[in-house]
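Each of the two complexes below includes chain A, the first together with chain B, the second together with chain C.
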Partner chain A sequence: MARIRFENITKKFGKTVALKDVSFDVDDGEFFVLLGPSGAGKTTTLKLLAGLYKPTEGNIFINDKNVSEDPPYNRNVAMTFESYALYPHLTVFENIASPLKAPGRNIPSKEVKERVERVARMLKIDQLLDRKPAEASGGQKQRIALARTMVREPDIYLLDEPLSHLDAKIRYELRQEFHRLEALKGVTTVYVTHDYVEALSLGDRILMLDHGEVQQIGKPREIYEDPANIRVAKQVGQPDINIVECVTRVEGEKIVLMPKNEPTINIEISDEAQAAFRNNTYPEVLLGIRPQFIKVGEIPGSQIFDGRVDVYQVLGSEGVLNVEIGDLNLIALTSPEDRYTHGEEIKVYFLKDRFYFFSPENGERIRFS
Partner chain B sequence: MSQKRFSLIRTLGIIFMITYIVFIAFPIYWQLNTSFKHIGEVRKIPPTFFPKHFTLSPYINVMNNPMARKSIYDSLIISITTTLLSVLIGSLAGYAFARYPKYAGGENLSFWMLSVRMFPPIVFILPFFFIFNNLGLTDTYFSLIVMYFTFNLPLSVWLMMMFFGDIPRELEEAAYVDGYKPFRAFFKVTLPLVLPGMVSVVMLCWIFAWNEFLFANVLVGTRVKTFPLVIPTFASGSSILWNQVMAFTVIAMLPPIILFIILRRYMIRGLSLGVVKG
Partner chain C sequence: MAKVTLKNVYKIYTPRTKGGKEVEAVRDLNLVIEDGEFMALLGPSGCGKTSTLRMIAGLESITKGDIYFDDVRVNDLSSVERNVAMAFETYSLYPHMTVYKNISFPLEVRHKSKKEIHKIVENLAKKFQLDDVLNEYPARLSGGQQQRVSLARALAREPSVFLLDEPLSHSDAQLRFQMRTEIKRLHYEIKSTMIYVTHDQLEALSLADRVAVMNFAELQQVGTRDELYNNPYNLFVADFIGEPPMNLNKGLVTQEDDDLFLKLLGSSITLHMNAERTEKIKRLDKKEYIVGIRPQDIIPVEVPSGFMTFDAEVDFVEFIGERSLLTIKNGDLTLKVLASPDFDVKAGEVLKFSYPPERVHVFDIETEKSILVL
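Up next, the complex of A and B:
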């Protein structure tokens, strides 16, 4: 049971700045996900929490106690490493039992055996206990590493990309297992991933990290539906969000967006957005449209564009359509039943209420209210 | 590749291996063969490939020679001390270079250490002789131990640095998170993984110290005498007692062989651990 507070943490390695003024709180029992591309500083954050690194500036609190200078063996935290970090010379049993046998814990060996076997059964690796980690498959190694973390009943679980090295099917299964694992439910967990699906699926809250800076902290739906900036919008969502560089222009009574590399078309925007752009506050904007908000066909009342099919892929439960509008190449999601051929002329419309606008200078979201 | 050509290459390979093994093994066979002969049979031409009159007398003569007996004892003291020192200090320094290069002096210092090995050892002989002589240290265990240690340490540091460098840091970090302090984590995780490498360093240091002749010939020789210095004493003005030389070298080969048999277990474990990595 633990609350975590990260207070203005900066971490430098020599001249490289890994984390820049990062602050966040994690509530007791919360499942907190750190999301970001590789090199964002996620693992650094985790190792700071574990005590493997010391912050260059700022303080870390666990349960209101400043632990910034405490070594890992004095913090009751358990961590799985992205590399698993299983001890190759010890059996799976000895690997899992390692935290229980640490000096000062004084757990009788009968209890060690019981606890190891219990956690091994829960993670379905009890048949491997006598083997060496090298004899286990990738998914099994992952679960051994997880078992070593969960056998302990720590204050905090730190999980570093626990599913990233597994193939898609096992990843899906283990993700479901994470939901079911009672052990994880009551305990504060910080979970690192670069996969937004994992983050959305597992997180009570998500911290989106990039270039060592906090981009956004929020509930999964907030991160997805209300991204704070273009980096968050790009990281979350598959296929990637469409970004169109535009110039704002007055067209009669209305304000429209003219794509920079396709000046022949004007994209109409919602009345709310028009009000915001009226006084030429933003001569240029980046327009973000998620693929599911680009539709094929025509409905009355919406602006219709003439498009041409570039590439069409049917991926089982959805179709991914690259459509060209003049020189604009946009990605749209379609129903998997639809069939398009290369070069086919189609009509396309956008759901303009779902547009995102970002500032071209700093990528921050432009909001209206 | 056709089956025929493949088997031709295979046959050539086997022939090469057999030649190689004979090349390596023949001197040892000849050594054993000679050590069980009377001196008369040794000088016979053509030579006999198996002792006609099998005898243990060369061994008995050597064992009754007090100088020969003491030399083995002296060699053991010097080699054991040198090896222990080299491996212990080499491991500590190697760990520091591998894990904390910035604090340990970095590449410059580790490379400078290696440069000691780049000089031919004979360059150092006279200066060292005068230094030890002026300090009254010639003809002591200490002088040879210091000498051998000086030459073994760079190799030991470099090899240990590489072996430690091969062990992912995260294994140690995992042990810290498990609740082990750095010293305990070292013995739980790092040392067992580096042990096979350490064993090979032990063997290398031992072999260097055990067989060394040049420094021993200059720095010691009266009160302290290592076994390579005794071998020439079997050659008297008119004749060389080849059977006793061979018997003595067979005895001198035993400590390294016993050491290797004891340590072999760890070397084999090292080979299988290599598979685990990655």
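Up next, the complex of A and C:
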């Protein structure tokens, strides 16, 4: 049982500001993901929670108790590190049991054995208990590290990029396991990753961090579908969201967007967007279009553009099309069954209701109520 | 440019210590890479793909068998004589030379005129968007830029074969994506024979004209993306290619009147196949097979014609941005299904799922081969 509260935390290392006025709450039992590029401050946040760092300013609460100055061993949090840090000369059993054998714990060896075996069974590494870590595969090492974290039965799990060194297939499998692990349900977990798919898939809520600052906190769909700014929009989604620098201009009765590097075209926008951009409120905007909302073909009522196929790649469950509209090079997602050849002339349209607009000055989302 | 032919090629590493075992890195490899073709060598680490590339490059002796560039046997020719260019996993740029010099150096060694060199470098710099950094030193460049310099340098020599060894493995996901597009674009332009080693199936499938899948020193299958996807020769290829991976389960042959289908073990799901596979199963006359169906070939709605259906309960839903991934269950069996993120469904709902029978794959349990090649 643990709730976490970060209150206006700033962390400096010398002159470098790693975290700037970060505040958030984690509910009891919540799976809370810290997402961001490398250097965003994710691991610093975890280490502050674990008690390995002390905040420069602000307070950290666990269950309403201010723990900002408490040493790690008074917090009952367990942390796994990105490098598994297993003891190579100990068996897998001894590695998992090691936190229970810490001085002052005095847990009877029968109970140690039971707890290690229980968690090993749950993570499907019970057949490895007598071996050395070197004999385990990458995915198994990860699970051994996880078992060592879980065997303590802490109030809070802190997991730092637990899947990042594994190949795609094992990541995928372990992600499924995280969903199934009863032991993780109900225990407050803070999970650090730079991978948006992991974040969306696992998180009850996501905190998107960049440059030491909170960019957005929300449920997975909010983060993906309703990004607060251009940094969030770029961090989640692959291929990257298309960003087109545009000038807003009047074209007859309409307000349209003219791409700066392709002034011969006007992009039509929704009525709400037109209303918002009237009276020159935003002389320039950044237009964001996710690749899945650029379509090949023509449908009545849509604005149709003449495009030319630049590069086309068929992946597993989708095709990725780089299409040129004049000097604009945009990425579109297609069905993997589609086939396009380099240089082919195609028609393209956008789903304009799915457009995002960002301010060119600060990258913040321009919203219309 | 050249066509590359590998005939019964073996690579065997002899033990370094007395009593050690020989290691067979490549076993009896036969592969033809056409002039101008983009071929990827794909497989997990230790499968023999890099040994193969190094034998083609002339960096590694060929234990048995022959390699030809067009009609010339190159076994005994050096790398330089073969005129191959390589871009490696590590960029290995000359740190004390500017970008310009890095690209021009291999040309100077070959005694090209200054004017000619200048033209080639300018041209490549433009193509790789390096014009602004020609006078910088490698240390000042981003990872992606260094990679482009490495590629440009390899290309400057107009090699007959262009070899790339995991060139993108050190980049993060977003940069890999951009670089992949560049390499693809590059191949449109230079049309040279390219051989690309990777463990990343997305890279292989998206870039190459054909992919040679290797495992345990042996070639498993060579084919286009569609061939590998829609007709995997064996269980390894079926499982290795595709993300999320193919659903693979045991299925029991069941016959009702003239109708033959496979019942997935632990569930009440029965899967029908196309006529070709159904006929094959009748002839093979075995009781159990491994049945495979890809998550994107199961559709969480009823589709009218040409599809079959089964019922299953939604176990959980993962929203992953461009798609949703459903885990569905029937009895003790779970399957993965890809759905549109707009598809509104909750855990616990029972739905009808559709699938095209021609996308049901069947493998022999003992040999692990597709029944189509048995």
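Criterion: the second predicted complex is superposed on the first by the 368 of 369 C-alpha atoms of A that agree within 3 Å, B and C clash if a C-alpha of one lies under 4 Å from a C-alpha of the other, contacts with A are read in each partner's own complex, and residues count from 1 in each chain.
Rule of thumb we're sticking to: a residue touches a chain if its C-beta (ideal position, glycine included) is under 8 Å from a C-beta of that chain, and two chains touch if they have at least 3 such contacts.
If you're wondering where the values come from, they're calculated on a predicted model, not measured in any experiment.
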Residue contacts on chain A - larger count, chain B or chain C: C
Partner chain in contact with A:V320 - chain B first, chain C second, else both or neither: second
Partner chain in contact with A:D310 - chain B first, chain C second, else both or neither: second
Partner chain(s) touched by A:Q238 [first = chain B, second = chain C, both, neither]: second
Which of chain B and chain C A:Y172 touches, first, second, both or neither: second
Touched partner set for A:S98, first chain B, second chain C, both or neither: first
Partner chain in contact with A:S201 - chain B first, chain C second, else both or neither: second
Which superposed partner A:L333 touches (first chain B, second chain C, both, neither): second
On chain A, the residue positions that both chain B and chain C contact, one per complex: none
Sites on chain A touched by chain C in the complex: 38, 167-169, 172, 176, 179, 194-197, 200-201, 220-221, 224, 236-240, 290-292, 310-311, 313-318, 320, 322, 333, 336, 342
Parts of chain B lying in touch with chain A, wherever the complex brings them together: 168, 170-171, 173-181, 184, 188-189, 192-193, 273, 275-277
Residue ranges of chain A in contact with chain B within the complex: 47, 50-52, 71-73, 77-79, 81, 83, 85, 87-89, 98-99, 102-105, 132-134, 148
Chain A contact footprint on chain C (complex, rising order): 44, 172-174, 177, 180-181, 184-185, 188, 199-202, 205-207, 225, 229, 241-245, 295-296, 316, 318-323, 325, 327, 338
